[in-house]
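Next come two complexes, and both contain chain A; in the first it sits with chain B, in the second with chain C.
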Partner chain A sequence: MAVAELLQYVVTGLLVGGVYALMSIGLALIFGVMRVVNFAQGDFMMLGMYLTYYLAVAWHTDPLLGAIVVIILTLGLSLIITNVTTMVLSPMPRGIKTAYATRAFALGAVLVNEARAYAFLMALLLAAVVYAFLTRTDLGKALRAAADDPEAAAYQAIDVRRMHALAFAIGIALVAAAGGLLATYHPIEPTVAVNFIVLMFVAVVLGGLGSVPGAFAGGILIGLVQSLTLLVLPFQLQNVGVFIAFLLVLYLRPQGLFGRRLRSV
Partner chain B sequence: MAASGRLRGWLPIALVVVAGGLLALALRERYHHRILTLVLLWATMGLAWNIISGYAGQTSFGHQAFFGIGAYVTVLLILKAGLTPWLGVLAGAMVAVAAAVLIGIPTFRLAGIYFALATLAYPLILRIVMDFAGYQEVAIPMARERPTLFMQFAEPRAYDLLALGVFAATLALSHVIEGSRLGYSLVALRENEQAAEAAGVDTFRCKMLAYMLSAAPAAIVGAVYAHAILYVVTPEAAFGVLVIVQTLVVCLVGGAGSKWGPVIGAAVMVPISETLDATIGDRVPGIQGVVYGAALVLIILFAPEGLYWRVRGLLGGRRPAPTSSAPAPPAAAPVTGGPAVIGGDLLVVGEVSKAFLGLQALSDVSFAIREHEILGIIGPNGAGKTTLFNVLNGFLVPDRGEVLLRGRSVRGLRPSAICRRGVGRTFQVVRSFPRLTVLDNVMVGAFVRDRQRERAEARARAALGVVALSHRADAAPTGLTTLELRLMELARCLAGAPTLVLLDEPLAGLSGDGVGVMIELIRRLRADGTTVAIIEHTMQALLRLADRLVVLDQGRRIAAGAPADVTRDPAVIEAYLGTRWLRHAESLRT
Partner chain C sequence: MLRVSGLSVAYGGLRALDGISLEVREGEFVTIVGPNGAGKTTLLKAVSGTVAATAGRIEYQDRAIGRLPASARAGLGIAHVPEGRKVFPSLTVLENLEMGSYRAAARAGRRQTLEETFVLFPILAQRRAQLAGSLSGGEQQMLAIGRGFMARPDLLLLDEPSQGLGPRIVEQIFATIAEIRRRRRLTILLVEQRVVEALELCDRGYVLETGRVVLEGARATLLGDPRVQRAYLG
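== the complex of A and B ==
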């Protein structure tokens, strides 16, 4: 196999992976702080895609949900969001046509799709901002403290409920942003959430549940696995490679590739 | 009494099934029959999910894998082999059970959320593979000549009755499980997996059995659903998200963990969503999804335990226990006679070492526990005492060294297997099964020696008698005092008739009276022929109780022998007792 071909797959995987990484850190953040597996995450991504589609500039998420959300609740939300979107916006897939969606840079023999490249760079930038926020600012540190030990954080005058709401809001904002980036090259339809929520779960588990840098790495990895699967399996089976990687990691390293130990429940 | 109680349990099941049958005969409109069939099928699917996720608490987000396998195997066998679906259903169920084993072996190594997330992947893989294999739309071929042989009925009542049959069988299966050793084991492992394992429940085997019992009805429902409702099997309809969503809705709205939950959930939710779909579904596509989503949100916010448990709670919960008002029986008479004759080595610990990452918790620890003795294990915090117990009862496998029970190695055995060989244990912090009554808690231990429910119950009641807790048999563990909790845990351990009991700080948190009760009890155990090893911090208590002491410090055995010798050992005084102890002991002697 030509090296250039392999390289092409790696580059494509990396570019897609960047956006996966962004949506996954949103999910990881929510899990890390609230210990909630947010099934509605994919739908917020889908909404983000639509928002981009309608060029909505300002948007607002009610963080009141934060403290009470549990897995099933989010699953319920997810159903409502998917189906209400179907009702309101019709199940017909849409797409945004931009000039750069079909253009590509040539790096030697490797072609880099422009839309994906921009989306990747934006995703990287946003992820860097989130990382800086979590590690450099007082609020970010408070958020991490609330994630590590809510009780101890509360004794340090950190409003844990507020942190939950904040984590939820940031998590949703990130995934919606990722949805916006994805919308530049992926068809937009109400049921798009299902396909991506699973990819997000996979990325988050790969990185170690709740770890934000882990989720980022997990997202990149998913993109790579997805792309490289094409080398051995036909296009339709692309995600089978991802799920098998997911199961393998779960069996061999349930704490994730880069995971920290979960608080025992 | 036991026999009539058994019959009483079957009565509501018979009533529900008869009511379903009457409804099937009474309904006239085809559309109403469709709703009845759907109610019965989703109730059955819910019951199937409830076996692994309700009783055993292993949340499966991938149960549609079995549903889809049942549908596809049955329909493909008709197409490829001309096999009647009546046999195809059985083949589908068998394939699903085999799939459950294949999925379960690796996946049950995961716990909690990891298990739930892993189960997501299997139906997704199957769905993609079915798509890829060219089975995007598999229509069931019409069999005009022999419709009955191919499960094709013009009369909608036939589908009602078919669904009713599957439902009745699954409800009966759930009922049998609830009252069986397996049912108790599943609930126990859901409530506290480690405590269940230590009480003799082979948690892996039980989960696997539950998963298999849960996969078979799910596959049968899938096959019947394909014939009664779908006609054309697609990967989306068989393995899609909506299948698991319907299942979850039915179980969570009704209440997981009881056979009535899914029945109630299906009876409430399916007619609502079907009616809405029929009336405004054309204009508002996706109304079903919104209803299910709203139902999930509302139930989690307002009655997260589900309708069944909520209504039961409102009706006053458990029936009043006839014995609960009885006064506490007098504690067992104090044992004053001399100790039983101490025999040979029962359990030999040979040069056991165990490290956690960098920390050497145990290094080359050797000692023996002799038959009919009370052996005290003491040492400062972090000396490795609990780690030692965890090695002895199989929670941990030692890095090096051997543990011999009656001369045979128990190294590497599961804790449940070691428990069955006669080693019981209690925990430093009591590990109860909070949603089981005291009696049921103890019964989990009793099943080690008796598979049969009535005999296990008799055994459990006897064990409660030994610890003088019979008057609390029907109480919930949450309402117990620390002493009562410790007694309950001890009774659970004794119900398995152990030859050796490992007690991890049985006196911790007890009042002065409580300490007296527990000490008397331990003496009595030994008088009755049980061997006892105790970890304890209360030195005075242990000096009154133990025949010999083993002293651990920083993972090493620094002394062993009669209490009087050990407490004068300079190494022990240095590491644990302190020099003030020595002066205190000297003053006692003079």
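== the complex of A and C ==
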């Protein structure tokens, strides 16, 4: 097989993985702080896709910008949005047509789809913002402290219930934004959640439950493995490679890539 | 500063505290000693709000705090250094200390308190960028106390700071507690199983057994009490 072809698959995998990483961070954050596995995470992603879609249709908002608008919307209105999920939507798949969805940069012999490249960069930027928030601000550190030890956090005057609400809002906003980014190149349909919630879980477990950098790495890894699986297996079976990698990592490193072993007292 | 009256706590059907009354006056160093399972940890948790009282009253700075959530009590200047240290393992030493000064009243003076903390615990300055989970037990205890100190508290609750540590580190930790008290006229409530060391540090003490106060008095009285000598000092 040509090196260029391999490289093409690696680049594609990396680009898709960036968006996976962003959605997985959302799930990891919620799990890390609340110890709750948010099964609705995929639905919030779907919602993000639709919001972005309607923004694009109604106001011709660029979907990349739409993803940001979605963050603001979900951050503020995460509770209201839970109720909006009951919205009736037709099962017909939709898509957003942008000029860059069908364009590609040529990097040597490798073709980089523009929509995926922009979505990847935006995902990276958002992940960096989240990381900076978690490591540079008092509120972000308090969020991590509450995840580490809620009782000890309360002793530091950290309102743990408020941290739960915050983690949930951010987690949902991130996955909805990832949905918005995904909408630039992935068909939008009501059942889209199912395909992705599994990938998010795998990414979070791969990275080490609740670890945000771990979920990021897990998301990238899944994108890569998924793409490289296409070299040997047909498209319908692209997640087989993901699950093989998943089992392999769990076998070799049960605590996940970035996970800690249980603390000894 | 702190007045507890008729405090009872029950877990399931089991009574952990049975009508406890005690007082800690401003600037005082009070120790609570007693055997394992006497309810010492439960008492501290009830004061800081992570265990719910079934009866009784807790007053802090002449204000009933029994219904406030734990984070709000910490916000009022009660710093709890919990049993088992409970540092935040995935945060760095510095971040742990910063979280100590999370409360609004301590945040403004963070830089200065941090310098003071590093004077008290030079090892923490050396380890500042390290993850707290990677510290030794003694270092984690110092970090837990340092984190409590960072809150610039009015009342410092210390739960078994000697637990699981070697004699030399225990000695060092007790010396630092005494030093903290000299620097800041802090009010301290210390719970300990090391009866001799704890009683020697304090102004006054209480002996707790099966959820009740069985003895109380000034340091000299307790150290000289035949029951204390027989039960704890050998």
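The rule is short, and it goes like this: the second predicted complex is superposed on the first by the 228 of 265 C-alpha atoms of A that agree within 3 Å, B and C clash if a C-alpha of one lies under 4 Å from a C-alpha of the other, contacts with A are read in each partner's own complex, and residues count from 1 in each chain.
Keep this in mind: a residue touches a chain if its C-beta (ideal position, glycine included) is under 8 Å from a C-beta of that chain, and two chains touch if they have at least 3 such contacts.
What you see is a predicted model, and the numbers here were worked out from it, not measured in a lab.
Of the two partner chains placed around the shared chain by superposition, chain B is the only one that A:Pro254 touches, whereas chain C remains out of contact. Look at A:Pro234: by the touch rule set out above, it reaches chain B but stays clear of chain C. Looking at the superposition, the partner that touches the larger set of chain A residues, chain B or chain C, turns out to be B. Using the contact criterion defined above for the overlaid structures, shared-chain residue A:Ala145 touches chain C, although it does not reach chain B. When the two complexes are overlaid on their common chain A, residue A:Glu5 makes contact with neither chain B nor chain C.
In the superposed model, A:Phe201 lies in contact with chain B only, and not with chain C. Shared interface residues of chain A (contacting chain B in one complex, chain C in the other): 265.
Within the complex formed with chain C, the residues of chain A that make contact are 138, 141-142, 144-145, 147-149, 151-160, 260, 263, 265. Here chain C touches chain A in the complex through residues 48-50, 69-72, 74-75, 79-82, 84, 86-91, 95-96, 98-100, 102-103, 107, 133, 147-148, 151, 164, going by the rule given at the top.
Listing the residues of chain B that touch chain A in their complex gives 106-107, 109-110, 112-114, 116-118, 120-121, 124-125, 128-129, 131-132, 241, 245, 248, 252, 284-290, 292-297, 299-301, 304.
Interface residues of chain A facing chain B in the complex, by the touch rule stated above, are 37, 68, 70, 72-73, 75-84, 86-87, 91, 190, 194, 198, 201-202, 205, 209, 234, 236-237, 239-240, 243-244, 246-247, 250-251, 254, 265.
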